[in-house]
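Chain naming follows the written order as A, B, C, D and E, and within any one chain the residues start at number 1.
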Amino acid sequence: MNVLKKLFNGIWTSNPVLILLLGFCPTLAVSTTLKDAIGMGFSALFVLVGSNLVISALRKFTPQKMRIPIFIIVIATFVTIVDLLLYAYFFPLHKSLGVFIPLIVVNCIVFGRAEAFASKNSIIDSLWDGIGMGLGFTLTISVLASIREILGNGTLLGIELFGKSYSPVIVAILPPGAFMTLGLMLAGMNKININMEAKRKAREKAEKEKSKQLKASVANG
Amino acid sequence: MAEKVTFRKGGVHPEERKALSETAPLKKMAAPEMLYMAVNQHIGAIAKSLVKAGDKVLRNQLIAEGEGAVTSRVHSPVSGEIVEIKQMVFPNEAKVEVIVIKNDGKNEKAESTEQERNLPSSKEEFLEIIKNAGIIGMGGAGFPTYVKMNPPKDKTLDTFIINAAECEPYLTTDNRLMLDYTKEFLEGAGMILDMLQIKKCFIGIEENKREAFEKIKSENKDARIEPKLLKTKYPQGAEKQLIYALTGRVVPIRKLPFEVKVIVQNVATVKAVYDAVKFNKPLTERIVTLSGKGINEPSNVLAPLGVTVSAIADFCGGINEKAKYMVNGGPMMGKAFDNTNLPVTKTTSGLLFLAEEEVSSEEENVCIRCGRCIYVCPMGLNPTFLKEESDRRNYEKMDDVLDCIECGSCSFVCPSSRQLASSIAKGKQRYAKHIKKGK
Amino acid sequence: MVKLIILAIDSMLISNIVLMRFLGICPYIGVSKKQETAAGMGFAVIFVMVMATLISFFIQKGILDPLNLGYLQTIVFILVIAALVQMLEVTMKKIAPALFDALGIYLPLITTNCTILGVAILTIQKNFNLVEALVFSFSTGIGYLIAIYIFAGIRERLEWSDIPKPFQGAAIGIITAGLLSLAFFGFTGLVKL
Amino acid sequence: MKDNIMQVVKLFIVCVIAAAVLAWVYGFTKEPIEKSKKSETLDAIKIVVSGMTDQMTIKDSVISLKDDTAKVQSFIVMNPDSTVYAYTIKTYTSLGYGGNITMMVGVDTSFEITGIQPLEYSETPGLGTKMTREEFKSQFLGKSLDNFKFKAQKDGGDIVAITAATITSRAVGDALERGLNTLISNFKTQSDTIKSDSVAIDSAITGEAK
Amino acid sequence: MADNKFIVKPAPFLKKPTDVKMIMWTVVLALIPTTVWAIYLYRLNAVIVILSTILFTELFEMLFLKIRGSKKVIATSFDGSAFVTGLLLALNLPSSAPWWLCAAGAFVAMLFGKHIFGGLGHNPFNPALIARVFLLLSFPTLMTTWKQGMSVDAMTYATPLGILKTDGIEAVKSMDLWRLFAGLPVSGVGGGSIGEISELAVLIGGLLLIVLRVIPFFIPLVFILTVYVFTWIFNAANPSVYASPMFHMVTGGLFLGAFFMATDMVTTPITPKGKIIFAFGCGLITSLIRLFGAYPEGVSFAILIMETLTPTIDKVTKLKKFGA
C-alpha cells in the first residue's frame, strides 16, 4: 500500500478528529497552548503506533473472544509507559496534560484503530496507519491549540507575538473557546468537503456530457 | 342591558366587515336555466344518483340518496330535465359527481310537497321527516341533522343550543334569517324542543347582531327559549366554545356535545327543519351572503341550491375587477377557489369576492416563538409546535392535531404570517390516514 | 458536611465534567439527539460512575498502594471498569430487568466514556477519602446528567432550525456545548473549594 | 473446553508480559520521577531566591503559620559555609477571588522580599491571574514588614492593585504579610541553630505540604 | 363580468396587522429613553458605542445573510431584529468601550448568537447576551471598569455591585438609592453598562412594552420580585453582610434584563407557565450570583443559564387542552 496515501488518509481524508469525530476530549482539553498540544499529540502517536504494532503482531495469537481485554491491556501498557516517561523526563508537560495521559486508554482513536485496522492488517500497514492517525490527531490538536494560544494569550509556543498593546481574547483559552473554535474547525472541514464533493460531481457531469456529445457526434458522423 | 357571555380560552377579534351586507335586504333569486346538484354536500356516505340523463324531474323530487347510518339526500330545486351527470372538482380538491338539471321554467312541484301537514307524533317520525328532507348542518360542517338529533340511547339531553353566533367576518346570513323569518325560526325551535323533549333552549347571538337579538327577544313567546347575548369573539360559533359560553359546560376532549347533554344546531338548519316538518318542503334553497369589495352589490340572497357562483354573482351586480380571491364560506375558515362554475351547496353560507387590500398575503416567515398562537388557540394547543411536527410528518409527536378545530385563529395572529392552521389541517388528514393504516 | 456540599455543587455545576473539564464529550455529542435517551445515558453514567469509583478506590487503597504498584493504576482501573460494565449487564438483566430495559443499551457505550475512568483517577489524584469519593463521583454523574439532558433539549429544538450545511451535525453540537459552557461560567465562585 | 483454557492462558501470558514491561520501565523511571516531584518546589525556590548557586543547600521545615494553626512548608537556603542565605515559605491565603492562593515567598536574611511566585490559584483569567505578571510582582521586591503596608492603596496600604482585581491584590498582600510574619517569628531569633543540620538539596525537599 | 384570475391560498384570509418588524421596532422604541439617558450622561462616548455597535451588527448581519445565500439580504437585515440586538448589546457595554470591542461583540452576537443556528427564530440563546458574556470573559478589564457619567475626568470606578463585592456592605451603605434608580451620577461610583445606569429609563420603556402588549407583564414582575425576595431574606438574616433588597433593585442590569432580555421571545419558553418558571429561575440565579458568585452582577448569566433550559421547560409545561 502506498505509504503517502496512508499518511494522507490519516491526516486529511479520514482525519480522526475532524472526520471520524473521535477523541474530542483530549483535543478540547489539551489545546490551551501549542506546547501541550504537541506533547499530547506525540504521546497519542506513540501509543497508537505501539499498540497498533503489538496488536497487529499478536493478531494470529489473539483469540477472538479475548480480543478486547488483550487490546485494553496492550493499550494501557503503552499509556502507562508514556505516563511514566513523561513524568520522569518531561515533568512540566506531564503536569499540564494531567489526567488526560491515562485517559488515552479510552481515547476512541486508539481503540478504534486497534479494532478496525491493526487486528486485521500486517505489521507494516498497521505501523503506517498508526503514524498517519497519530499525525492527523497531532496536527488537528496543534492547529486548534495554535489558534487558541494566539487569540487567547497573544503568544505561540510561549513567544509573544503582538506586543503589549494586544489585548487577548481570553475566552479562547477558556473551555467555551475550545468548543467554539473546534466547532468552527469542524464546520470549515465540512465546507471544504462539501465544495470538493460539488466540484467532483460537476466534473463527473461535465465528463458525462462530453462522452454523450462524443457519442452523439460519432453516431451522427 | 343583558348579561353578555363568551368562552374563556383563546379567541381573536378580526375586523368584522359585516357592514357591507348587513343592512342589505334579503333578495330572492329565481332559479336560472342550469342547476348543478352535487351528490355529496354532507358528511357521511356519498349519495347515489337516482336519475340519469334525459330523465324528467319535478321540483322537490328526490334525485340522489345515500346508504348507511350517516348520509343524506338531494332534491331538485326546479322542474326540468337531467342533462348529464358529470364530475366537478370542488375546493376541497375532491372530485364530486354533479347532476346537471335544465330548468324547464314550469316550476311543477312534486306531489304532496310544500303543503301544510300534520305535525309528527313521535320522535322517530320527526327524525324520518328530517332525514327525507335532506337536512344537514348548514353552518358549514354539513353533518346530517337526523343523526345529530339522535344521540345514543344512554345519553339524555337537557339543553338545545341554536348557534346564531355567526362569528365569521363578512357573513350575515344567520342575521338576515333571524330578522326576516323570526316567527318561523322560533316556531322551528319550539318544534325541535317538543320532539326531542328538551326543556331548555339557548339562542347564542353575538352582540354585533343586537337587532336580531332584540327582535327575537320581543317576538319570543316560548318560555323554554332564551336568546342570549354573546360578547363578540372569534371562534364563538365553534360548537365547544359556544357550549361553554352559554352553559359553562366543557365538552370533554374528542367527545361530542351530548356528553354534556347538549345538542347544537345552526339557525338555518332550524328554519329548514321548520319547513320540512310543517310544509313537507325538502332542503332546496338557502340564504347566501355575497360580500367583499370584489362584488358590485354585496347582498344576502335566498338562492336555489345548485346555482353557479357566476350566476349568483351576476344576480348581485357581477364581480368587478378588484376581486382577487374567491372564498366559499367566511374569511377565517372558508376555502378559496378559482372556478366560477361551481354551484352553491347546502353548506355555502357565504361567497366572498375579496380585493387585494382585504386579504393578507404576506410571505411566510420563520417562527419567532412569540407564543401568540398559543394564547389565541381556543383548544389550548401549541400550533407552532404542531405545524413543525406536521410538516415533518413526525407522527409520534402530533397526536394533538386531532383536537384542532381549524378555526385559523393561530394563522390570524401570527406576526410571521405562518400558515399554521392549514399546515395543521393537512397534518390532521395525514395523521388520520396514518392511524387508520396502523390499525 | 459543608465541605461535602461544596464539593457536590462544585462538581455538579461549577467544574461540570463535560462543560468545564472536557470529559465524556464523545457520548455527549453522540447520545444527545433525544432527551429520553440522554436521560437514560445520564442515569447509566451516574450508576456506573459511583460503582467504578468506589471499586477502584478500594483497589487503589487496598492493593496498589500497599504493594507500591501505583504505576499499574491505569491498566488496573480500565480493566476493572470493563469487567464491571460486563458484570453489571449480566446481573442487571437477571436481578432488575426493568432497570436493564431502561439503562441496558447504554452500558456498552459507557466503557469508552472517559468520564468513568477520569473520575476514578481524579478521585485518587485529589486524595479524597471514601465519603468524598462517593459524593464526588455521584455529583459529577449528576453534573453529567444535567449537561447532557439540557443539551439534548436544545438539540431537539435545533432539529427545526435551518442550520447552515457545514455546521450541521457535530459542528453545531460542539459550538452549542461551547455556548452552554459560556453560560455555566456564571456559576463561577458560587462556592469555593 | 480446551479452547477456553487456551484463551485464558493467552490472556494471562499477555498480562504477565505487560506487567513485566511496566515493572521494567517503572524501574528505570523511578529515580527521575522522584526528582521531578521535587523539581516543582525547587524551581519555585530558585525563582524567589535570587543568586542561588549550585553549591548552596536547602533545608526544609514544617512550621505553623502565625495567627493560624495550619502547617506550611518553609525552606532555608544555606551557603556552603552553613550560614543562612535566604528563607522561603510556601504561604497561602483563603481570601482569593476564586478560593485559596498558594505562593512561594523568598526573603533574604534581613527579611526583605527577594521574590514571590504564585503556585496554585483559581483567579479570574485576565484579571486576578495578572498577579503572575512581573509588573505586579516586582512592586514587592525589597519590601519588608517595616517599609511596606501589605494592603491595597484603596485600603490605606501600599499595594498598587491590579485594575478591577482588588480582591486578588488584597489576597496577595494577606498571603505575603502572614508569610513574612511567620518567617520572622520562626527564624529571626534562632538563625544560629539552623546551621548545624543542613542537608543536600535533593533529599531535603519531600513532596508537597499537606 | 370582469375576467378575473383568482388566487387560491389557504385560509384564513384575514390577519392581524402586527408583524415581526413592528414588534422589533417597538422594542427599539421602548429602548429610546434608556438610550437618550445614556447619551445625555456620556455624550460622544455613548454615541460612538451605540452607533458603532449597531452599525457593525447590521454589517455582520448582512455579511452572514449573504454568505448563507439569502435572497433578501437588505430586507431581512432591516427587519429590526439585528437592530435590537445591536442596540441591546451597546447598552450592555461600558461607555469607554473602544470601537473594536463593539465590532467584536457584534461579530460574536451575529455569528455564534444567530447565524450558525440559521438566523432569526432559530437561535437558542439571546445573541446580545452571548456577545456580552463572551466579551466579559475575554476582556474582563475593559468590561469591568467604568467611567462616571457627566464627568470629564478619565478616572474609572467600579459599579455599586462591584463595590459591594470588593469592599463589602459598608462601602455602599451611604449611597443614595434614589439617585441610583434615576441614573444620576453618584460620587465614587461607576455607572456600569450604559443601558443599566438608569432603572427609571428602563422602566419607562418596559412599561411601554407591557402596555403595547409586546411583552407579558409577569416576566419582569416575577423576575424582579424573586430577586427582591431572595435578597430580602439574606438581608434580614444578616444585614451586616448582605445589602438591602432595594439596593439590589436599583443597581446593575436587573431591570434591563427583566424587561428586555428575559422577554426575548425566541429564546425563552413559549408557554405562559414556562415563562413564569423561567423568570423565577432568572431571579433565583441572579440573586445567587450576586450574593455568592464570583461576578458582581448575575443578570446576563442567569438569563443565559435559564435559556439553556428553555426547551426542557417548554416540554414540562405542556398546555392543558380545552376539555382535557
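Quick note on the criterion: contacts are C-beta pairs under 8 Å (C-beta built on N, C-alpha and C of every residue); 3 or more make two chains touch, one makes a residue touch a chain.
Remember, predicted model here, so these are calculated numbers, not experimental data.
Farthest from chain C, judged by the mean position of CA atoms in each chain, is B.
Across the assembly, the mean Cα position most removed from that of chain E is the one of B.
In this view the innermost chain, defined by its CA centroid being closest to the centroid of all protein CA atoms, is E. Separation between the centroids of chain B and chain C, computed from CA atoms only, is 60 Å. With each centre defined as the average position of its C-alpha atoms, the distance from chain A to chain D rounds to 37 Å. Here the CA centre of chain B is 88 Å from the CA centre of chain D. Rounded to whole angstrom, the centroid-to-centroid distance between chain A and chain C, based on C-alpha atoms, equals 24 Å.
Residue positions 71-72, 75, 160, 162, 164, 167, 172, 175, 178-179, 182, 185, 188-189 of chain C are each in touch with at least two other chains.
Multi-chain contact residues of chain A, defined as those touching 2 or more other chains: 69, 73, 76-77, 80, 84, 168, 170-171, 174, 176, 180, 187. Chain D has residues 18, 22, 26, 97-98, 124-126 in contact with two or more other chains. Put simply, chain A touches chain C in their complex at residues 21-26, 28-29, 68-69, 72-73, 76-77, 79-80, 83-84, 99, 102-103, 105-108, 111, 171, 174-180, 182-184, 186-188, 190-191, 194. Across the complex, chain E is touched by residues 9-10, 12, 14-15, 91, 169, 240, 244, 250-255, 294, 310, 313-314, 318-321, 323-327, 329, 331-338, 352, 354, 358-362, 365-371, 374-375, 378-382, 384, 400, 403, 408, 411-417, 419, 421-422, 425 of chain B. Those residues of chain E lying in contact with chain B across their complex are 1-2, 4-16, 18-20, 22-23, 119-122, 265-268, 270-272, 318-324. Contacts from chain C toward chain D in the complex involve residues 71-72, 75, 188-189, 192-193.
Chain contact summary for the complex, chain D toward chain E: residues 97-98, 124-127, 154, 163-164, 166-167.
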